[in-house]
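As written, the chains take the letters A, B, C and D, and residue 1 is the first residue of each chain.
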Amino acid sequence: MSEALLTLTGVHTHIGQYHILQGVDLTVRRGELTVLLGRNGAGKTTTLRTIMGLWKASRGGLVFDGQDITRASTPDIATAGIAYVPENMGIFSDLTVRENLLLAARAGEPDAQRLEWIFGFFPALKKFWNQAAGTLSGGQKQMLAIARAIVEPRKLLLVDEPTKGLAPAIIQSLITAFRELKGMETTILLVEQNFGFVRSLGDSVAVMDDGRIVHKGRMAELAEDRDLQQSLLGLSLDAHQ
Amino acid sequence: MLHRLLSGDFPRSLWLSGALALLVLVLALAPFLFTGARAMNVAATICVFIVLVASYDLLLGYTGIVSFAHTMFYGIGAYGVGLALYSIGPTWGAMALGLGIALLLSLALALVIGLFSLRVKAIFYAMITLAVASAFAILASQLSDFTGGEDGRTFSVPEMLRPGFRLIEAEVFGTAINGKLITYYLLFFGALAIFLFLLRVVNSPFGRVLQAIRENDFRAEALGYRTVVYRTLANCLAAATATLAGALMALWLRYAGPQTTLSFTIMMDILLIVVIGGMGTLYGAMIGSALFILAQNYLQALMKQASDALTAVPVLANLLHPDRWLLWLGVFFVLSVYFFPTGIVGKLRALKR
Amino acid sequence: MSEAPVLATQGLTIRFGGHVAVNNVSAEFRPGTLTAIVGPNGAGKTTYFNLISGQLPASAGKVLLYGEDVTALGAAQRAKRGVGRAFQLTNLFPNLSVLENVRLAVQSRAGLGLNLLSLWSDHVETTEKAEHFLHRVTLAERRFETASALSHGDKRKLEVAILLALEPDIFMFDEPTAGMSVDEVPVVLDLIQHIKAQGDKTVLLVEHKMDVVRSLADRIIVLHNGFLVADGDPAEVMASPIVQEAYLGMGVAESV
Amino acid sequence: MTPIATPTDAELPKLKLDWAPLLVLPALALAALPLIGSAPTWVTLTIAGLAMGMMIFIMASGLTLVFGLMDVLNFGHGAFVTVGAFTATLVLLPMQGWMQADSVLMNLTALSLAVALAMGVTGLLGWAFERVIIMPVYGQHLKQILITMGGMIVAEQMIHVVWGPDQIPLPLPASFRGAIIFGDAAIEKYRLIAVAVGLIVFVAMFLVLNRTKVGLLIRAGVENGEMVEALGYRIRRLFVGVFIAGSALAGLGGVLWGLYKEMLTAAMGSEIMVLVFIVIIIGGLGSVGGCFIGALLVALVANYAGFLVPKIALASNILLMVAILLWRPQGLYPVAKR
C-alpha cells in the first residue's frame, strides 16, 4: 500500500446545532481512488466539505500532504492542491465554458494539450466552448465541473456524487474520465451512492453511517462479498440495482 | 377580561408588566401629577409615539417590511386635520372631514405603493418608500400656498379643546378641567384604544399569517396565502394608524408643519424606538417611546450643559452640542441593532428564564 | 381511468434565458392515481412541479385544473383551488412552533387568514385539526418546539404534515423521503399509500429511488432534458429501451 | 405507453442583447423637444441632463455592483458622497490660488490632488464601514438596512462635528467656468467634463468586468462565492476590494457633484441618495449597464421637468420609476437569480 496523502483523525463537525460528523477516521492513499459510500444523510458530503474547509472541524485533525489543514481556509486548502466538485456542481452559469475553465487555471490560460486530453472524453465542452454554462444540460454541466477540477494537475480530487441522476451515456464518459485520471496516478476521493458505478473504479472503500466510518477495506473485497454489501449498504444498493 | 383586552398576549415578564403598568398609570394621571406645560407635552408626545411606533412595528417587526414612508402617513394625518381646521374653521365637522380625507389619501397611497412594490424583496420596498416619502416632503414644502411651506400652518381647534374652555369651574386635585386636559385625554384614550386594536390584530389569524410571511413568504404563498394581499393590507393598516397618530399630534400642537411631522429625523426616531423597544412585540413600542421621549427632552438639556462646560475643547464641545443629539442617537442605534436585537422587551423576557 | 382529469398540462414550457428547462410537456392526471415523475438530475422534474403549482410562470402552454385554465394564476390561488405541494428542500416557518406551522395550513384551508379581529387562540378547531395531522406523521409530541429545532427527518415529516393539513385534491411530493433515516421512510410511504387508497385524490411524486417508485406508482412519466420521453404503465415504461437508455442505467451495468 | 421523441444534443440557443431600454433614452429626449419648444434650450437641458446623469451613475454604480456581488445594499452609501466632497475642500480651499489661476495645468493639478485625496479617504472609510458596520450583518437584509441607515446618520453628523454646521462654498476652477456657445445653445464647460469623466468610468468598469481575471472572479463570485473559494481565491478580499472601489467612486461623484452645485452641505449625500435609489431600481438591482441607462433617464427627466413644471421635479422621477416598473417590474436589465 502506498503512503497516505490525506488523513482525517477523529474529525467532528457541527452545523448549527447539529452534530454531523462524530469522529471520522479516514485515510486516502496516494495514487488510489477511494470511494466513500453510505446512505443519504450519513455525512459523506459533510466529510468532503470539512476537508475543503467549507465547514470547520470542531474537533480532530486533518493532515494533507504532511501539512496540518484543520484550521486552514478554503482558498489555502485549494492552493495546497485539493480540487473539489460539489454535489450541485458549482458551475458559474453566467460565465462561458471557457471562462469557467479559465478561473480554474490559476496560472493564466489553461494548458492547450491538457485541454485536448479533456475534450477527448468530454467532447461537448469543446462544442459549447463559448456558450454560457447555464445553458448546458445537467450532464454537460457535470462534465464541466469535473473538467474544471482537472484542468490543472492537482494532488487530490474530491468528487461528490457525480452520477446522481445522469443518463448512462454520460455516466459512461465519466467512467472513461476516471479511468484516464487513475492512469495518470491522480488521487481521488469519490462520494457515491451508485455502487455499480464505483465497484470497478475504486481501489479502497469506506462506508459511512451516522457520521462515522463503519467499514474500511479494499474495494475488491467488498465487490466480491455479497453479504457484506447487504449488511453495509442495504437500502442504497436496492435503490440502484 | 384582561385576557380579551390584551388579546391573550401578556407581557410575559414580571419587570415588563410592572414597567408597563407604571407607564399606563403615570400617563393616565399625568395632568394631575405634573403641572408644567413641558411635562404635559412629554406625556402627550409619548401617547402619540406609542401609536406611531406600534403601527410601524406591525410592519417591521411582524411582517418584516422596512418602510421609510411612515412619517409620510403621519404627516398626512397632521396636515389633513390641520389644513381642514385652518381653511374651514375650528369646527368638529372640519376636523372629521380633514381626518377622513387624510385617511383616504393615506390608504390610497399605501395601497398603490404596496401593490406596486411589495411583490419583491424588502430592500426594494425600503428604497421605493424612501424615494416617495422624500418626494412627498419636498412637495409639501413646495406647495406653500396650500400647506404653508416650511413654516407650516398654525390653526385653531374646536372650542372644547381650547385651553380657555372649562368643563367645570372647580379644580380637581388642584388641576383645572380645561380644554387642554380634554385634548390630553382624547390623545390618551385614543392611543390606548388604537394600541389594544393593534394588539388584537397581531394575535389574530391574520397576524399569524403576517408572521408566517416574515418567516418564509414563498412557503406562505404555497399554503394559499396571497402574500401581496396580506402585505398590502398590513401596509394599509399601519398607514391608517399612523395617520390617526398624526391627527392626534396636530390637535395637541395646534400646528402642522414639515419639521414636526414629515422630517426624516422622525423616521429615524421611529426606527430607533422600535429597535430599542424590541421588534415584533408591540410592548416594545410602549417602553421604547417612553424612554426615548424622556431622553430626548431631558438628556438634550444635559448635553447643553456639558457642551457649555467644555467650550475650551472645541471638538468635545461640538460633539456634545445639543444639535448633535442625532449623532449619539445614530451610534446608539447601530449598537442596539448589534447587541440588543431583541430590544428591551426581549432582554426583560429573557431575564425571567 | 374513465374519470375526467383533475389536472392537465398542455404543451407546458419554460425557458430560462436560452435554456429550455421544461419543453412542451403535455400530460393528464386523474383522481385515484399515483403518477411518479422520474428522470435524471436537471431533467426538469422539480421545474415541472413548480410550473404546475404556480411557483414559476410558464413561458408557453397551459395548466388546467378541472378543465379551467389556471396558467395565469399565482401559487396561492392554485393552492386555494386544491393543489398541495411539498418541497424537496425543507421549507418551513423556522421561528414558529411545529403546531403553528401546521395550523397555518389548516387555517388557509378554512379561509380564516383575513380574519383580523378574532383571537388566534380562540380557533380551537384549527388547533385540534393541526394536532391530528401532527399525530399522523408521529410529530405530535414535538408540537411546541420551534420548527428550526427539529432534526432533518422530523422537518421532512413536518413538511408532509403541512401538506396533509392543506387537504388538497392534488398532492405533489418532491422526493419526500430524501435524507430520511431508514426507519422514518415507511411512515411517509404509508401515508402516501393511504392518500392514494382514498380513491378521490390525485398524487404526483418525484422520486429517485426506483424501489419506492415501483411499490407506489400506477404510472410513470419520464422527463429527460425537459422533454417528456415516456408516459405509461410502470412495467412498460421500465421495459422500454428509450427509458432504459435515457435513465434507468441498464447500459452501465453491461459496460462495467 | 406513449413513446416520445428522444431529445438530442442540439445546438444551444445564444442569448441576445436586449436593445429596447437603450431606445428609451433617445425617445425620451425627442419627446421632450416639442414640449420645450426651443431647440437651444433643449440642447442646454439635454447636456445638463447627461452631465447630471453621469455624476449620478458614478455615485450609483458602486452601490449597485456591491449589491450584485454581496447582496448588500448600503443605505449609508450617500455618506461617502458627502465625505468625498468635504474631503476635497481640504485640498481645494488651501489651493484656492491654484484653482483660480488662469492656467489649465494648475487648475487640473489642484483638482487631481483633491480627487485623489477624496477617493483615498472615502475608499478607506468604505473599508472601515465594511469591517465595522456591514460584515457582521451579511445575509440579513433587515439588519443591513437598519444598520447602514444608522451609519449614514453618524457619518452625516460627524461632518458637522468636523466641518461645523455651515454650508461651504466650492467655486469651480477658473478654466472650467463659462460656457461654449454652440449656435444658439450655451453649453457649460463643466458639464462636458462631467460627461467625459462618466463615460471613462463606465468604459473602464465594463472592461474590468469583462476583460480581466478580477472581473471574471467578480462575476463568478456574484453567482457562487463558495465555489470561487474552493478554486483557491480569497472571496472576502475580492468583496472588500469592490466595496472600497464603490465607496471611492461615490467619493469621486461627491467631488464632481459638489463642484457642480458649487456649494456643499452635510445633507447633500442623503439628498442625492433618493435619486441614486431611483436609478438603481430603474436599472435593475445589481446591473451596471442598467444603472448607466437609469442614471441618464432620471437626470434627463429631472432637467426637462425642472424646466417645464419646476414644482414637481422630484415627483416626476417617481412617475418615471412607476412607468418603468410597470413596463419591466424587475428594472430595465434584471439580474438573473435575484
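By our rule, contacts are C-beta pairs under 8 Å (C-beta built on N, C-alpha and C of every residue); 3 or more make two chains touch, one makes a residue touch a chain.
The structure displayed is predicted, hence computed values, not measured ones.
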{"item": "Path length in steps (a step moves to a chain that is touched) from chain A to chain B", "value": "2"}
{"item": "Most centrally placed chain - per-chain CA mean versus overall CA mean", "value": "D"}
{"item": "CA centroid of chain C to CA centroid of chain D, Å", "value": "45"}
{"item": "Length of the line joining the C-alpha centres of chain B and chain D, rounded to whole Å", "value": "34"}
{"item": "Where chain A and chain C are represented by their mean Cα positions, the distance between them in whole Å", "value": "31"}
{"item": "Residues of chain D engaged with two or more neighbouring chains", "value": "12-15, 336"}
{"item": "Chain C: positions in contact with at least two other chains", "value": "16-19, 224-225, 245-246"}
{"item": "Shared-contact residues (touching 2 or more other chains) in chain B", "value": "none"}
{"item": "Chain B to chain D touching residues, read off their complex", "value": "60, 64, 66, 116-117, 119-124, 126-128, 130-132, 134-135, 138-139, 142-143, 264, 268, 271, 275, 315, 318-319, 323-324, 326-327, 329-331, 333-334, 337-338, 341"}
{"item": "Complex contact set, residues of chain C against chain A", "value": "16-19, 39-43, 149, 151-153, 178-182, 208-212, 224-225, 245-247, 249-253, 255-256"}
{"item": "Residues on chain C engaged by chain B in the complex (per definition of touch)", "value": "53, 55, 74-77, 79-80, 85, 87, 91-96, 100, 103-105, 107-109, 112-121, 123, 162, 166"}
{"item": "Chain C-facing residues of chain B, complex", "value": "4, 7-8, 200-201, 203-209, 211-212, 215-216, 218-227, 229-230, 233, 237"}
{"item": "Interface residues, chain D side, partner chain B - complex", "value": "67, 73, 75, 133, 136-137, 141-143, 145-147, 149-154, 157-158, 160-161, 164-165, 270-271, 273-274, 277-278, 280-281, 285, 311-312, 314-315, 317-318, 321-322, 325, 329-330"}
